[in-house]
Structures are given as C-alpha cells and as structure tokens.
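In what follows, structures are represented as structure tokens.
Here come two complexes built around chain A, the first alongside chain B, the second alongside chain C.
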Partner chain A sequence: MAGMVERRGVGRWMTHLGLIVGLLFIFFPIWLAFVASTVTQPEIVKPPMPLLPGDQFFENYRRALISGVNAPVGWMMLNSLVMAMGIAVGKIVISLLSAFAIVYFKFPGRRLFFWLIFMTLMLPVEVRIVPTYEVAANFGMLNSYSGLIFPLIASATATFLFRQFFMTVPDELTEAARVDGAGPMRFFWDILLPMSRTNVAALFVILFIYGWNQYLWPLLITTDPSMNTIVMGIKQMFPSGDDTADWPVIMATSILAMIPPVIVVISMQKLFIRGLVDSEK
Partner chain B sequence: MEKRVNFKGIWLPLLLVLPQLVVTAVFFFYPAGQAIYQSLFIPDPFGLSMQWVGLGNFEYLLGNAYYRASFVTTAIFSILVTLVSMGVALYLAVLADRLIKGSGVYRTLLIWPYAVAPAVAGVLWLFMFNTRVGVVTWYLGQLGYDWNHVLNGEEAMGLVVVASAWGRISYNFLFFLAGLQAIPRSVIEAAAIDGAKFWTRFRTIVWPLLSPVTFFLLVVNIVYAFFETFGVIHTITSGGPQQTTTILVYKVFKDGFVGQDLGSSAAQSVILLVIVGILTIVQFKFIERRVHY
Partner chain C sequence: MATVTLKELKKSFGKTQVIHGIDLEVLDGEFIVIVGPSGCGKSTLLRMVAGLETVTDGEVQIGGERVNDSEPMERDIAMVFQNYALYPHMTVFDNMAYGLKIAGKPKAEIVERVHEAAKLLQLESYLKRRPRELSGGQRQRVAMGRAIVRKPSVFLFDEPLSNLDAKLRVQMRLEIKQLQRRLGVTSLYVTHDQVEAMTLADRMIVMNAGKADQIGAPLEVYANPQTQFVAGFIGSPPMNFLPSEMANDAPGGAKTLGIRPEHMRFARTGKEATVIYTEALGAETLVHVELKQGASATIRQNAAGPVPSEGAVVHLDWDAGDRLFFDSQGRRC
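Moving on to the complex of A and B:
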C-alpha cells in the first residue's frame, strides 16, 4: 500500500522535475567534456563551443590513446590500473592477515599493534608528503610501480572492517575446525576467507576508486611521463605559458579517466554502497 | 571485545602482522617522526647542515601573515564546500525519498560524480569557466558579466568550492537517502493525519531524526575539504590569484616542493597532524555512540 504522504499528480511531477534539474546540474560538466572530446579544436577555441557532439569522436580518442600530449594515454591508463589494483589488493591482503592475527591470537604486543594501526588514520599522505617522498626516493622508488603502490598500502580502515567482521563469526566454527584438527592457516583459508567474500568485494570497489583517483602522490613520485597515471597526467597536458591547450585530447583523456571507476561503481552498485557504509563505521 | 576461542602460537601471529607493521613503520611513523624532527631545524641553503631553532619555525609560521591567511582560507573553503555539497545532496535525497518508484534510477545516476577524481572534476569545471574558451564564461559575458577567476580571488574561491562540492554530492546523497529511508513511515503519516504540511513535518520530525547522519557528514566533509581537495586546487587555480585559494595542504606542498623551505614545510605538516588528530578523535567519539558493536 502506498503511503499517504507520497505525492501524486502535480506534486509527483514536481518531485521528478526537481530531481531532473539536480541531475542536469550534476551531469552538465561531464556532458560538456564529452562534447568537447568529439569536436575539433577550432570549434572549441572560438566560443561558444557547440553543445551537441560532433563527428571527431574516433579521431580524438585515437589521438589521445595512441599519442597523447606527453605520453600515450593508453599507457597512463595501464599505469593507473596497475596502481589501483596494487593498492586495492595489497590493502586487502595485509589487512586480512593482520585482522586475523589480532582477533584469533593472543600474542604479546597485540594491543600496542592495534593502536599503532589506529594512529595511521591520523596520518594521511597529504600531511607527511615531504618526508614520505624522501623515504621513497631513498629506496629508489621514484618512477616505479612499487613507489606508486607501497606507501599508500597500509590501511587502518580495512583492518578495522575485517576485525569487525571476524568478531561476528561464531566461535563454534573455530571450535569445530580445531576438533577436526585444522590449524589456524587452514581455518583462515577454508572457512574465514570464503565467509569474507562479500566484505572483500565491497571493500575492493572502494579501494580501487581510491587508488585510481590518487593525485598528489603520483604527482610527486613520477617525473617520467611514461610512468604518469591518467588522473595526474591530465594537468601535465596543459601547456605552460600562452600556448593553447589541445582541448579535444585533454577532454577525451578526462572522459577516459572517469570511465573505469564509473563502470566499477555502477556495475557493483550494491557492493559499493555497502562498502561505503561499512568503511565509515 | 575478545574471542572465546583462540589459536595458540606467538610467531605465526607476529608473522601475519609483519607486512602491515613494516609498511606502517616505514611509510607512516618514520616520515611523521621526520616531520616533527625537521620542524625543529632550519637547513642551511646548501643542505649540508641543520641549525636547531626549537619552536622557531612554529613561531615564524604563526606570525606569518600568509600562513594565517591560509588558515582563514581553509576555514572558509571547508565550510562552503560542506554547506554546498550537503545542501544540494539533502535537497535531492528529500525529493528521491518522496518517490515510491524510480528512486533507484536517480540513485544510479547520482552516484556518478563519486567515481570522478577531484583532479578530473577540477579539469571539467576549469573547462567550463576557462577565461578564453569556457562556455559558461561566454554566456556570462553575453549577460554582461565579465568572469575572470584568474584575476578575481572571490571568483576563484567560488569555482574551487563548486568543483570540490560537486564531486561530494553523491556521497552525501547516499547517506542522507539511507537516513531518510530509515525514518519510520508511520511517524510521518501520523503527523500528516494531524494536518502537518510537508515543511512542518520536515522541520519537526525529519530534520531532528536525521541529525546523527547530518553530524557525521559534517565531520567527514570537513575532513574531505581539508585533505582531499588538493587535486581541485592544483588543477584550477594553483592556489592563486595572490594565494586566495591556498589551503593548508596546498601550502605544505608549495613550500616544501616548489619553495624548498623544508623547516617551514615540516612545521606545517606537524600543525596539520594535530588538526587531523583532533578531527579523528571527534569522528571516533561520535561514531562510537552511533554504532553498536
């Protein structure tokens, strides 16, 4: 039964109208970028640019992917993919292992260790950029995938999330496993991990987007254009000084930069929302 | 809270926590320690020796007009980003909540901006408001308004605020919508039977019941505006014109990497550390009340 407070008739249309106005505001920047990625440079630099797509779609995207401005955008996307996957998988693996240790073992230093992880919440990379950069440079990690991935891999959020979940796993399962003679790693692998599937997937969605969208860290770590990630590479495509930017290629790159995370979010919407809510607890 | 059943062993659990421990020590605690250490020194111009200055860097910073201005800029920026993105999100969530059918479609569409990196959002908004080719700039010009965020500090601030708030709408929308849908229909319907109009119901029932969500989002959005908007600032204004959009995080980057003023940059890092610490504690105190373990 429909509630009596939902609007019908005129009111319902007003509600839709309000939402559509909001959607237009939100999508206009994306639409404009898409249009710009399908027209020629002269059409853009002589304002106003058209508001409907042109016929240069294939030409612009081919130019961006294969040659780009400083480096082929195809390369930059590959770098972003490696970085995002590395960060997501790495965070999940080390967090699963440490959460398992903290919940299922009593070992000396457990409490201290827990607080050490907690404190990393207070140390975002933006706050400690210069010294962290120095560490990475000393390890020879500049312009490398390990430099893009490892400094961002520790995650208090993921560790807490798994700890929270492991706490809800019934003790009977652990007892049964022990009675059957299964060791801790066997229990972890055969019982705990399969049970954590949904949590892992939800977290993966969030962390993949986190990794893909990194900006400041790749900006510091990669000076070689062939190691640039796509999100940080866009700004590098703007010429310094008074030269005119290659807008169609830059806007095609902006669209390409948002496609993978958008696909991940939309196609795994339920998991994404779950991950979002979980990781804020 | 503890498990009743535990596994035995000391070396295995230590081995399991080792990867996390190593990464945390090398990339979190050591650099943070370095920041604190360096904040007490001034390196000589050749980088050969360090001169102990105690709290000199901090005294200098707090007495520096640019740094104090950056604090004010950050405060204004964070408050505006938070208000704009939460305001728009609440408006959309209230509307979506009124629909019986179809709110799922709107939700799917509204999630989009979450996936767009702040730096990419910056490029999109920069393109619209570009002083030479921007479409919005052109139409504003037709209306007789001369938009130029490269010269006008207030317009620059407006632009970075809108670009930062834009990407945040999805997140706030999802939390507001979930909060609204958790309010029992019967309460609202009872008020409606008593003759309360929409606005009265919103003010007296919905808004108070939504306050935990609102407070949570307030803290999270301020953290976002402080630390995650670097990409927006860097792509659109690079802190200009005349530092009008230089927020604290941008200043650490600029003084440390562009200006090579390591002592000052380290001291700024330490001040930011204190700010994150306070925000984290606020967040946790609140969340502990909200979530029942």
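Moving on to the complex of A and C:
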C-alpha cells in the first residue's frame, strides 16, 4: 500500500503537520492525566497546572494500587480483567458455535433463529437493562462475576461476523473433511477453528475493550466495592458533597485503567489487522 | 481394490430430476472416465458414489456391498477435488496424514505411509510447506497424495486438472494414468475435457442431460458413437452433420449424416462447397467450408497436402464406410 498516493514537497510537509497536530491534540489530555498522577494534591489544585511530571510517581501509584479510595485499584483491575476476559472469551465461544450451527446444519427455523439473533443487534445493553437487571437479580447474580459476565455474553455482532466468514469457506473443504472421516465437531475443531484464528484475534481485541470499558452494567450490578470494576471505580472515586477529590490517585487510576487495553491492542496488533483485512484462507 | 456397481441410479433435487437412471459395472482396477458437457450431471453422479449426495433412487455398490446410506469415510473411497480442497492451515504432511489420524492409525505407520506417498509423487521436499507456498501442480499432487495414503479401494476424481494450465494438464494427465496403473486402484474420473477422457479411460461414459448416452472403450466410442450427441461431443473438431439427403442410399428414417473431419477429402468431383476460412494448426490445417445445400463442414487436412485458399470452390468426397446415419431422435440407424 505504501506509496499508493505519493505526495511531494509542500504536500508532504502539510500531511505530516496535520498528523502531528492531531496527535498532540489527542495525546495532550492523556499527558495531563499522567502529569497529574505524578505530583502532589496541592500542586494540582494550585493554578497553573503543572505540565511536567513531578516526583510523586511511585508514591501515588502505590497508594492507588494498594488502598485506592473505596477499594484498592489493583483489586478493581483484577475484577475488570476477569470481566473483560469472561466477556471476550464467552462471546467468541458462543458466537463461534452458533455461527457453526447456523451455517453448517440444516434444522427447522434456521433462518428464523439467525434473524432473531440479528435483530438483537439493534438493541444495545442500555435498552434492555432493566429486564436484564431483574433477571440477574432473581438469579442471585448481584455482586458476582457471573452477574458481570453472563448478561453481556451473547453477541449478535460476533455471530454475524463468524457466519459471514464461515460462508466464505469453500464447500469442498467440508467435503474433503467428510471424506477424510471427520465428524462435524472434529471438522469444527481441526479445520474451521484454526482457519478462523485471525478473525478470533481481531474479535478478541474488540470485545476485550468492549468488556473492559463497560460502565453502566457494573455500576448497576455491583454495590460491594470489592466487586467494582476499574472503569466505574474511577467515577466512584469522585467525592460527593464537599470532600476534596484525591486527584493524584484518581489520575493514577485512570492511567492504570488504560494499560491493559493498550497491552492487548499492541500485542495483538498484527493478528488484529490481518483478521480485519486478510482474505487469504 | 473393489468393483463399483450402479443400479438404476437416480437423483432429484426437489422436483427436478438430474440423473435419470444410470447402470454401470466397473471392474476391479478399471479406470472409468465420466465425460459430458457442464450440467449433464456427471459431478452429481460421482458425488453420489462418494456419498456426498444422497441417492434418490437406485443403488450404489462398492465391492459388492450396498453403500447408499454409508458415510463417505465408510465407503473406503478417496476423492480428489477440482479446487484441491487442501486444508490451508496444515502443512503438506498434515494434509496427507489427516485422514489416517482420524482413523486412529499409529503414528509410525502414518509417517511411513505419508513418506511413501510423498516419494511416489516427488513431494518429499515439500512436506513441511503449507498449500499456499506451492504451485498449482504441486497442490494437485498433494491432493492426490492425500487420496493415496489412505489406500482406498476406489479413487474418485472430480475434474482434478481443470484448474491447471494447458501444459501442466498434459503432464499431470500422464502422471495420473501411470499412478493408477501402478496402484491398480479402481478409479472414476469426471471431466468435461474429451481429450482427458480419450487418453485416460479404459472405458468412458458419455453423459448427456442426466443419461448415459454411451459406455465403452474410448476408440470404440469414437469410431462407433451410438447417438448424434456422442458423435458431436467426442472428437475435436466435432463431427460434421449434413442432411441425410446428401447420401443417395440413406437408410429409412435417417435424418442426419455424420462424417468426421478427417474422413472428408478434396476431390475432383463430389459435393460442391465454398471455403469460408482456414485454420493452420501446424501439422494439420482445418478447412471450414459451406456446402451448396447450406450446411457447413470442417475438413481436417494434412498440412503437407495442398490447402485451398479462402473463397475457392472445392469438391468434397468421402468413403461410404465412414458415414454414420442418425434418425430424428439423434439415434444411430
């Protein structure tokens, strides 16, 4: 792709300038958050705000990780990690299996089921949140990992994506597997799954971030601070009334909350991009 | 090793019948080629033998046993697909070993059999590669290797060479023939290419719209076609069809007179025709003419002989023994 649109001279400088300005624009708030997480509380509240990191880095992060405001951030991160992993893995497993069923098996109501699943795409979590809460509460899932994970685990998007992918797998491959004596699940496990590897990776990245960034649902379902997730936890740290906010710790928490998604994206970037653009099978 | 028997085999998709009852006895070790134009049902026929399509009516027997309801794996067959159908994420070795692995063969035996097949197909140095790192011909060999390692009693080929370029196709055709001779495995081979059919087959089945028009040895089919369709389909350039009135002694009911291009020759006297255009192919020249009666014909002329120029008026002649007559249904008479 490189060099597909070639620019010379001024055009080239302008492009880079635009990119750099855009980058600074996006990066600046993150930089401010980072700076705020390395100075003391008085330094933050006294204008002008410092623009260079202070010397409180270890102190602030230690405080955040170990004690936090309501619950230790380390603990909240663990909760978030369990939730995000649970949602990502669960969604992938369920949608792989349901897409497999929809594409490869003939059963009555197959199209109906597909369209039913497809229609749920139009209903975001927020629309069905009250009945979902009711169901989760009746199952006694409040303040538990299962309550955080299971209600969010079905994914029409992922099912649809895998369905589209499976439909591009040549029929002859299925037939070759049948001649080789592979039963349906063996075919799924030995052939379909390895072939979907890059799609799975791409979805994992998207879904992990989706799970990590869940805000409203954990806010509803967890009342016990020890079950809080980090994204909602940040909001919980804001004091109510006249208490002063512990900004260095809150900012340290924000920075910490960004790290896992960044690690996931960077470590899976190659697979992620291949999964989205690759048509090679 | 096994025989394959088809009895009154029929296939319908919904209300449309695509195979109208095929009877066939394949001997042990025989190479049968099923040939026909696209849409004639030849692939469907093969897939019914493979067990990839259900049998609507009739019976498929392999080795004397009825296998209508058995899974492909239980039929002791191996199939080579048109697009090779190699597993893209597996190495050549794994591709060839997969069937054996599922069958639960011991590891040492799998390794031995795969290496044996790889040696036979000159694939030994490619065993660790993936299909996408191979050329078309190599992929084709892997697909055959996958069939060979299983030591099946029947090989099924579904247009295995149609994705290769012309030169490679000729080479692989020879290899398939040699391999089949050496292994002596009963084979069914589907193709739309009549040259493949002629060169590979012990016997060939010419299919036309879901029926077997003729079953026989290639040269027998060529020399003695039972229907006008077979006469026109086998042979390139195809047989010339002229109105039967052009022969004085046509049998009753005959509508069409067929003469192969190589059996027509230029003469001093005979049917008058105008040369439309000529195609020089090197060793021979095809001369396309239009007869006075409006019919057109092709004459295959040795390039060493004189070739008439375009627009010239020529006279055509042929031996009475080379004529074939067909009735209005297209049957020989």
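Things worth noting here:
Here, the second predicted complex is superposed on the first by the 256 of 281 C-alpha atoms of A that agree within 3 Å, B and C clash if a C-alpha of one lies under 4 Å from a C-alpha of the other, contacts with A are read in each partner's own complex, and residues count from 1 in each chain.
Just so it is clear, a contact is a pair of C-beta atoms (placed from the backbone, for glycine too) under 8 Å apart; a residue touches a chain by one contact, two chains touch by 3 or more.
Because the structure is a prediction, the values reported are computed rather than measured.
When the two complexes are overlaid on their common chain A, residue A:107 makes contact with chain B while staying clear of chain C. Of the two partner chains, chain B is the only one touched by A:36; chain C is not. In the superposition on chain A, contact is made by A:266 with chain B only, not with chain C. In the superposition on chain A, contact of A:161 is made with neither chain B nor chain C.
Of the two partner chains, chain B is the only one that A:215 touches; chain C does not reach it.
Of the two partner chains, chain B and chain C are each touched by A:178. In the superposition on chain A, contact of A:49 is made with chain B only, not with chain C. In the superposition on chain A, the chain among chain B and chain C reaching more residues of chain A is B. Residues 175, 178, 280-281 of chain A lie in contact with chain B in one complex and with chain C in the other.
Residue ranges on chain C touching chain A, taken from their complex, read 50-52, 71-73, 77-79, 81-83, 85-90, 98-99, 102-103, 132, 146. Of all the residues in chain B, the ones that touch chain A in their complex are 1, 3-10, 12-14, 16-17, 19-21, 23-24, 26-32, 34-35, 38, 88, 91-92, 95-96, 98-100, 102, 106-121, 123-125, 127-128, 132-135, 137-139, 166, 169, 171, 174-175, 178, 185, 188-189, 192-193, 201, 216, 220, 227-228, 230-231, 234-235, 249, 252-253, 256-257, 262, 265-266, 269, 272-273, 276-277, 280, 287, 291, 293. Those residues of chain A lying in contact with chain C across their complex are 170, 172-173, 175-182, 186, 190-191, 194-195, 197, 280-281. Of all residues in chain A, only 2-7, 12, 15-16, 18-19, 22-23, 25-30, 32-33, 36, 44-45, 47-49, 51, 93-95, 97-98, 100-110, 113, 116-117, 119-124, 126-136, 150-154, 159, 164, 167, 171, 174-175, 178, 183-185, 187, 209, 212-216, 219-220, 231-232, 234-235, 244, 247, 250-251, 254, 257-258, 261-262, 264-266, 269, 272-273, 276-277, 280-281 touch chain B in the complex they form.
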